[in-house]
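For reference, chains read A, B, C and D in written order, and residue numbers begin at 1 within each chain.
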Amino acid sequence: MVAILIFVVVFLGALVALVVVTFLFAPRRPSEIKERRFESGGPPYGPVQRRLLMQYFGYIYLVTVVEAAVGLALVAVLTAQPSAPMLYLAIALLLAAVLIVVLRYFKVLNDIRRWS
Amino acid sequence: MQRTEWPFNLEVGNTFFVESEEELRGGRRGLTLVVGPQHPGSGHMRLFVVLDGDMIVDVVPDPGFVHRGIEKLAENRPYWTVLPLVEKASIMDSMNIMYPLVLALEKALGLEPPPRAKYLRTIMAELTRIRTHLYDMALLGIFLGHSTAFMWGFALMDLYAEVFAKITGTRTTIAYPVPGGVRRDVKPEHVEAIRRLLEVSRRKLKDFKTLFLDNPVTRARLEGVGTLDVKRVTELGVVGPFARASGVDYDVRKIHPYDAYSEVDFEVVTEKAGDAWARTWVRWREIHVSMSIVEQLLKNLPGGDVIDEALLFKNPEYRREGVGGVLGVYTYMYPEPGEYMAVTEATRGATLVHLWTTGTQRIYRMRFVTPSWRNLHAMVEAMKGHRLADMPAVYMSFGYFPPEADR
Amino acid sequence: MIIHLKLFATAVKQLLQQPLTVRWPEERRDYGDRVRGFIVNDRSKCISCQLCEAVCPAKAIKFHLEADGRRYPGIDWGRCILCGYCVDACPTGSLQHVNNTEIVWTDLDVYKKPSEMDPDDAAPLPGTKSLI
Amino acid sequence: MDLPFSGDLIAALVFPGVLGIFGFLVVAIWLERKLVARVQWRYGPLYVSKPLGGLLQPVADLLKLVFSELVLPRHTNRLFFAAAPILLFFAEGLPVVFIAAAPGVVMAPHPYGLAIAVVLVLLVAVLVVAMAWTEADKFTYVGAVREILLTAAYEVPLLLAALAMFILYGTADPYGVVEAQSNLWGAVLNPLAFVAYLVALLMATTRFPFEIPEAEPEVVLGPYTEYGSTLFIYAFGANYVKLYVLALLGSVLFLGGWLPAGGLAGVFITLVKMLVFVLPAMLVRAIYPRYRIDQALRIGWGKLLALSVAAVALSLVWRLLR
């Protein structure tokens, strides 16, 4: 426990210390151009946050579902000691289900027109 | 919209602006990326890229950042000083880009280069063509993220630069041809250097092909991207290898052969697909065609003078290697009044020079049409409807070179 | 899978090759004897014909009066594009390139001064490494 | 244990702790530049410390960055702007707490240590997105979205590869995992999981050909566009820390960790085994261009998913046979 604390303190301390060194010792010549948004050399133009890359949103839905299932399997494998054949069968079935779902919707996901 | 921040006059018809920021199809809001001029993927130009999610809805190019007014400058100075000026439009392609002006001036001055000079010019033109193709290929590599293709392309270009330096005295802007001949004769060791150069680059290009062009990731990035069919390409007036990639069988070298091109045997490389990959592949094959042209010319290189005898009338005894000592003769020569035109096939497409002369040493008007400018519109059209990541791929598959387009 | 292994093999093969870059300034490229470097004027041959001024595309050459009562070309190095037209136009061969393209000025006025280059500054820098 | 002083302190301060992370940052940047340069017919960094082959060049670069002007853009929340890369760098390094580099050289021995480390690695992407959001720039915005999508592509295969190994070993304890490999390495037992892990590692550390969020010709530097100075080191170095963590995790999971030695020698063996992951990750920069984001997603949910599911199936077969 002490080691973790030492690690966190030293690591974070070193990171912050370097920034402080920069803050204190680096030259500072602020100007309006330096401090504004990068817009390829032009003046900042238009608001930033806009529509997400909507075409690929299906993957995000998929990941929320599949990741939860895989996470469950992970927890089950790690907590079920000693090995239980039924558990492995369940994992196999789960993965098969995942594969089927992904295969079923892979074409839809790839088809950019359906998402835009 | 925060219009006050924008430096341009946003009224319609005044200058560039992005009108449809807020109005994409279905009333959705798009994102306008301003790519360039201070952007690693723009070159000396600016592209307003309107994005709908990841898809490019519209691209508005804003060229002109490196406009030098070559056409206007050409009107204010003696004709021989225009040569090194025109060359600066596309320094990689320096021989090809000044070729039409040299041909047009030859017509105006009534000069006829001896056969050896014609061969030497054509050899240099093909060598610069290889170098420019390598340059475009290298930049395509770095635009796709392939740093090795970039470094290898530039390393090979440097070998060409070395041979140019040995023959003409400088690496890039060679200013080699003059009306009536070339400025320096080649010695046997230079011919040997060119032969070795071709051999070395053939060997090295094998690895280049394996690592870059045969790379499945490169293929995945280029195939089916930015497709323009024959009809579209002809409508947009695309020239050069980019038109040939769509199946347009047009090459000035074949159709209106100039200098030594009528005496060599070469094929006009065409592809059918018209996508970014075809445009890359055409240029790759053209490198090899150019190599074979250079080899044929070297084999049949005639002897004799490298400048027209007419240039030597004033002081024939002062001749050092090549044209040295006689370039001042141009100050005694006056072009015949009239219009002269020459078209040549530069690396990126047909280049045209149209001269109006009135009998003085100043050119009355020079029209200078460069291939990159003609390909710009097609490049922008090819980007539309593709993903943002395809923008650099399409950009460099057209080999767009802003200084050449802006002139 | 095989193609990816081939790619890795091609890359690893390069590790055994000699680099193509030149470690400037320890070694320099050999560009032969025609290098269009800086231009020096041999006053004993100069006939003040002003052809170099006439052909200069960059209008970099200006003639100026020297102490011996004759005019000599001076080159504005800020304008010069090293095209070598003046050298080619010179009927006596008094203008010559030197094998040196690497001169750094610390002062912009030196750059603009329409006088001849100090021969010590333009000492030739022979290249040794030829890649071809 | 035959260590001179307590193992967990060595783990915290030397390896795989603070010194290891910063040392790796320097060595990895140098190694990458040198290796890629040799492939590209160049010499690579040589100007600083020529006898060492330019090893001190990254140190010089980092020093130069530390003493360059710290620009905090006005349109952002300046506190968050400065804190985001620090937090990111820190969070990328956090999983080493649970990974053992040698017997006793671990900060927190935990029966589920490696599983926690994997989950911690996956959680970090949130911070990249937060950082990009704080910068409030069109390019960082696109980069952030790409980061999210790339995470969506590699998360499941990485989890499945880890799951395959946990099924194989029946444990997620670093000691137990290494012990289970005393006869045969995990990479030999389940090569499918090894390959899936390697590809997922390339995706997770956004190495080529998956260097999509910071694709230069499109989005400048992606999520790191606005940063300069020390903050740029953190923002950009975070990926190297992630590579370090994943290489360490991989050498324990697949290559038998510190075996066949223990103690200090074990630390060195772990270091050498990390090279198996680090060297290809460096070399790919010279070999591949980058994929588009949709192609990366298709690979992640197509071939890579199939590969990792097959890896789990292989592990199940092994387990049932035993």
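Here is the rule we use: a contact is a pair of C-beta atoms (placed from the backbone, for glycine too) under 8 Å apart; a residue touches a chain by one contact, two chains touch by 3 or more.
Being a predicted model, the structure only gives us computed values, none of them experimental.
Across the structure, the highest number of inter-chain C-beta contacts is found for A-D. Using the average of C-alpha coordinates as each chain's centre, A ends up farthest from chain C. Separating the CA-averaged centres of chain A and chain D is a span of 14 Å. Chain B and chain D, compared by their mean Cα positions, are separated by 44 Å. Distance between chain C and chain D, defined via averaged C-alpha coordinates, is recorded as 49 Å. The distance from the centre of chain A to the centre of chain C, with each centre set as the mean of the Cα atoms, comes to 55 Å.
Residue positions of chain A touching 2 or more other chains: 39-40, 44, 50, 52-53, 55-56, 112. Contact of a single residue of chain D with at least two other chains is seen at positions 39-42, 138-139, 141-142, 220, 286-288, 293-294.
Listed for chain C are residues 7, 11, 14, 20-21, each touching two or more other chains. Within the complex formed with chain A, the residues of chain B that make contact are 1-2, 5-7, 21, 28-32, 34-39, 42, 46, 51-55.
Across the complex, chain A meets chain D through its residues 1-4, 6-7, 10-12, 14-16, 18-19, 21-23, 25-30, 34-40, 44, 48-50, 52-53, 55-56, 59-60, 62-63, 66-67, 70-71, 73-74, 77-78, 81-83, 85, 88, 91-92, 95, 98-99, 102, 106, 109-110, 112.
Per the touch definition, chain B reaches chain D in the complex via residues 31-34, 39-41, 51, 54, 141-149, 151-152, 155, 211-212, 215, 217-218, 220-221, 387-392, 395.
Note for the complex: chain B touches chain C at residues 77-78, 80-85, 148, 155, 158-159, 162-163, 165-171, 173, 175, 183-184, 193, 196-197, 200, 207, 210-211, 214-216, 315, 318, 320, 323-328, 330-331. By the touch criterion given at the top, residues 7-8, 11-12, 14-15, 17, 19-21, 23 of chain C touch chain D in their complex.
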